[in-house]
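Each chain gets a letter, A, B, C and D, in the order it is written, and its residues are counted from 1.
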Amino acid sequence: MKIPVAVLGATGSVGQRFVGLLAAHPWFEIRRLVASERSVGKPYAEAVDWMQSTPLPPSVAEIKLARATPEEADGCPLVFSSLDAGVAGAAESAFARAGAVVVSNAKSHRMSRNVPLLVPEVNADHLELAERQDHPGMILTNPNCSTIGLVLALKPLVDAFGVEAVSVVTMQALSGAGLPGVPGMRAVDNVVPFIAGEEEKIESESSKILGRFRRDRIEPADVSVSAHCNRVAVIDGHTQCVSVKMRRPARAEDVRKAWIEFTGEPQELGLPSAPVPPIHWLPEADAPQPRLHRNLGAGMAISVGRLRSCPLLDYRFVTLSHNTVRGAAGGALLVAELAVEKGCLTERSAGTRSRG
Amino acid sequence: MKIPVAVLGATGSVGQRFVGLLAAHPWFEIRRLVASERSVGKPYAEAVDWMQSTPLPPSVAEIKLARATPEEADGCPLVFSSLDAGVAGAAESAFARAGAVVVSNAKSHRMSRNVPLLVPEVNADHLELAERQDHPGMILTNPNCSTIGLVLALKPLVDAFGVEAVSVVTMQALSGAGLPGVPGMRAVDNVVPFIAGEEEKIESESSKILGRFRRDRIEPADVSVSAHCNRVAVIDGHTQCVSVKMRRPARAEDVRKAWIEFTGEPQELGLPSAPVPPIHWLPEADAPQPRLHRNLGAGMAISVGRLRSCPLLDYRFVTLSHNTVRGAAGGALLVAELAVEKGCLTERSAGTRSRG
Amino acid sequence: MKIPVAVLGATGSVGQRFVGLLAAHPWFEIRRLVASERSVGKPYAEAVDWMQSTPLPPSVAEIKLARATPEEADGCPLVFSSLDAGVAGAAESAFARAGAVVVSNAKSHRMSRNVPLLVPEVNADHLELAERQDHPGMILTNPNCSTIGLVLALKPLVDAFGVEAVSVVTMQALSGAGLPGVPGMRAVDNVVPFIAGEEEKIESESSKILGRFRRDRIEPADVSVSAHCNRVAVIDGHTQCVSVKMRRPARAEDVRKAWIEFTGEPQELGLPSAPVPPIHWLPEADAPQPRLHRNLGAGMAISVGRLRSCPLLDYRFVTLSHNTVRGAAGGALLVAELAVEKGCLTERSAGTRSRG
Amino acid sequence: MKIPVAVLGATGSVGQRFVGLLAAHPWFEIRRLVASERSVGKPYAEAVDWMQSTPLPPSVAEIKLARATPEEADGCPLVFSSLDAGVAGAAESAFARAGAVVVSNAKSHRMSRNVPLLVPEVNADHLELAERQDHPGMILTNPNCSTIGLVLALKPLVDAFGVEAVSVVTMQALSGAGLPGVPGMRAVDNVVPFIAGEEEKIESESSKILGRFRRDRIEPADVSVSAHCNRVAVIDGHTQCVSVKMRRPARAEDVRKAWIEFTGEPQELGLPSAPVPPIHWLPEADAPQPRLHRNLGAGMAISVGRLRSCPLLDYRFVTLSHNTVRGAAGGALLVAELAVEKGCLTERSAGTRSRG
């Protein structure tokens, strides 16, 4: 028997990805789709402006959209949230008070003291922090889309050599801005060198994710991060130019080896959404490129390439990740799978069913 | 009477810009258009695959394409070159030996000891270096398109505070790759995080341009530059995310003031292609953007925006320049105007006419 | 002395074009800029999300936005409207009742019995229809952006051979959808084969414009028009593939000649916005193209190319027009210039000043 | 045991699609990859400039590229060709003389008297024509990419109502132009209203495909086709605006029904690449769109939408097909599957193995 789940914000860009990925998920089954007031009661297929390149899954087309109240999610021990930041905080808390494990893609709770900010290959141990939350359910958060790709590329270097400073410039896809997002007239023949709040998120979230869980809190990593964020005319896939300063000497071949050999707890646990390998090292001179490499590992793996020394810091490279799969809905699914595997649903949620 | 000029490589992307700009130039007049062997003898309008958004100037449509030999440029004391690097070196030298002042957009001679690499607002005094060349004519070079925008943005900071280190990530336009350049399938829904040789050019050329002319040579500036170069789906306009470390403390308002008040020798001399002001400070949160700001100062001015402090170096900002106007043909015209104004043609060239 | 004018809907996409073109106009001078309630009182530069590739004209930056009431336009005998269809009808009528000559780009009054729908090169004589309007002012309308380009290309053929049937497929630019318009995610790597109401507008407006003014009304032209409309990833410039059936035999060389020799009343009157020639015949195999040819005649001329026989009708060709210049703001300016030249302002408006 | 196959022109755009699709094919197995002289001997992964959004299949990465001679394809009874038209004719004939069944995507043999031009859902019976070829092997051809989508959309209408005339305007994807294809500077912010030879192909091929096989030849269908072809900034997926004149009256609901209920011989035979259904009717007002619908049926199904009456002919609609899957490599695979199922390999080829 599959675990029934609810999706909050199901008609948005990330919500659509949740629906697409959940329709084929081996453990989870969509029971509730929640949207804003004006869509309540409409069948999903009618209310949504479907923008995915795969067809809307027939199994969800007829599901009637529900309100964002815990009562409506009755029977769903697991809730995925892609609500707008403006409403996410309160709504997610309400679901957690009602006993649900909420995996959120919104920024509202990310930096809260007792809320883990999870990239399962990087900091699966932070999950334990959620035990300290004071409601029957649990709020788990997924980082910002750019941060996820960045910390995945950094983690093997942190483990092998230590990382002291990071300079990153992003070229982010349009899908990251949701719907309607960036107007076509801003996207075509243009670059928008600003994404509100994005640089701050990358800088603060990276330290928390790479930080250490000590007794009762996360001690942020001692790493300086400087980010420039840009929007470019790409549908999916965030490309990042990164320079890093290591704490210990590193040879280029060892850096590559660290990426190639990297694996994480999701891979060891064999979680269904865990990509193998999580990081693809690409030797071509001009890789990675979003159109060619964003779908590696079904969009859950990141890619890295162009490793070379840096005149200012130690090394430079390019990394790419699929922003609405690994960087949003797919990343949140992996968090949920980790939580299920670690027993969070059985421990804390009412009405949970164990997975077959 | 206008000065008759020749354009080498007239059918290419930059060559077309030369033709467009020269057709309306107050001092210069196109007499010769030079192209590769297979186009020799054809009228320009027939041989060129015109890609500019302004019509092909009727005054040049019927000019028959000539060979790249100094004899063919007889009577043109001034020669603009946008030849491919493979043939530019030898051809430009031949014209210089024949007495012409050659202003080149190719990389072949840029780093040569006695060849000045000129951005007239930045290092007009380097022109004197050309006196040391051992042929009757003179070779003057225009930097790489990305370098020009970068050093123009840096120059006021170098003057006011000193600059010790620069980290730059470029998002470069398709027109910079010439014709046919980047295939459409690589351009749409994509970023190509590699441009052959470009990072090396930015790093080495910047030091030469910002260097000091001492007696008989250029002493490179003591500045570390790290560049990442990307190609994005933009027609014209290179956007650059820059972080800088200053040598002396700088308040943000003084940095802005340095840009706003900046002016150079071309502006003081009133050269026809000199933009006033050369640098536009843009206060909007999301400026500059290539489609909106590349044409400031008729494409000869650069723009800067988004000044903010940097967690790693001192300041971060975004700068934008038109790569085929300021960064190529227009920049070369400004170099030529400076050379004319400084008497280079009368001193060294045979057959020069003074401008009215 | 210039004629003071007001612009209704000044912050929108077409409104911005009005502002840009009026800032350099020899007869007209912007006195009032009118926008929606939430912008009233703000300086234009602050309220507008400027999307043009030329800078916001300094002369209008500080103009405070006013309400859309005739009182606010006091002293402006000429009013340009780019209001949304939802509010344009009532607002424009109010200005006309107050005595102004309103030149509107909205669809509200286009098909009204006594309102001329004007393309000055095509049907300048329809202007007289406005004499029959029952208010002190006058409402003149500019057709839909696609229609303008189409009827300009058809007019010489109508005059020379008669046109019985037209099949047209448009590929329209993003700027035609205004702001925010088509989301970037719909624009990149995509075609949207639908534009609400557009096909109906082309079909009905063409008949009215090409119709005959008989005593007291327009007798629609007897021409069948079938339109398919598509949105493509182009910033400016509507491309149209057209097949036509003539009433009389036509040789290809005569069709080309009809276009090349075509001229209209605006050209004869020497109106400031009249392009000379109004139609550019382009002989290249792959012309016209929006990026290369949309700016012919400063965006006021159309271009035609690829004339060839049609297996179904008689001839096929491609035509291109700049949708926000000729197809909107520039077209409306030309209408206003015609109205001024024909004495409409002196006859009917209160407070009109004659132009110098 | 799988049937060993060779791919001619394996490094090109369509060749890459062949490789991608064959790598996962249940009946066929790549044994030979053939490319131009300068690549011979190199491993495929090294010689190819892989442009697909799925990774290069590891099973072919190490295959060394061979020459285009029948000897090199020894042991491959089935050969797929995506050679350039310039060399395809002779090379394919040579393979057929050597006994191979050649399924070609090139235009060279398409209109030859004894060569069937196959869209298996439309004219599977034409396969018999190949029996009349005078060599031990067989040449089968796949139509031009635009033609395939068009005739698939027309076939149900031809069967139900007869089709007398077709007016079609295409908006074709960049991938159809191969590599390097359309320069990025021609693709971005532009439409190119011309594709060499394309209109002629659509017009002539449609008649042959929809024609009748009579005794010893194809009698072309009596249908007038007028085509305008355009290149737009889309990666994959050709969109076509179609108007049709029927021979017998048709109600809109019956037209839709004809599409919805359509099925063909590949579906009846259960061929592995046959999409079910072959045609998707999309009821949305703005469908189909290339980015959203090109992958229906794994890229092998076409979609139709926007059915409405036409003021000139009878009906208008929009159709979309994936140009490098259904319109090229995938279409050719379906042809090959039909040929295998019909016994062509066992009958005519030397060295053929029956499929398990």
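Everything that follows uses one rule, which is that a residue touches a chain if its C-beta (ideal position, glycine included) is under 8 Å from a C-beta of that chain, and two chains touch if they have at least 3 such contacts.
Just so we're clear, the structure is a prediction, and the values are computed from it rather than from any experiment.
In this structure, the chain pairs B-C and A-C differ in their number of contacting C-beta pairs, and the larger number is found at A-C. In this assembly, the chain whose C-alpha centre lies farthest from chain B is D. Note on chain placement: the centre of chain A and the centre of chain B lie 43 Å apart, centres being C-alpha means.
Centre-to-centre spacing of chain B and chain C amounts to 39 Å, using the average Cα coordinate of each chain. Separating the CA-averaged centres of chain A and chain C is a span of 47 Å. Annotation for chain B: residues touching 2 or more other chains are 51, 186, 188-189, 233-235, 291-292. On chain C, the positions that touch chain D within their shared complex are 165, 167, 169, 171, 186, 188-194, 196, 203, 224-226, 228, 230, 232-235, 239, 241, 243, 285-292, 305-306, 310-313, 316, 318.
Within the complex formed with chain D, the chain A residues making contact are 50-55, 188-189, 235, 291-292, 294-296. Listing the residues of chain A that touch chain C in their complex gives 13, 51, 174-175, 177, 179-189, 233-235.
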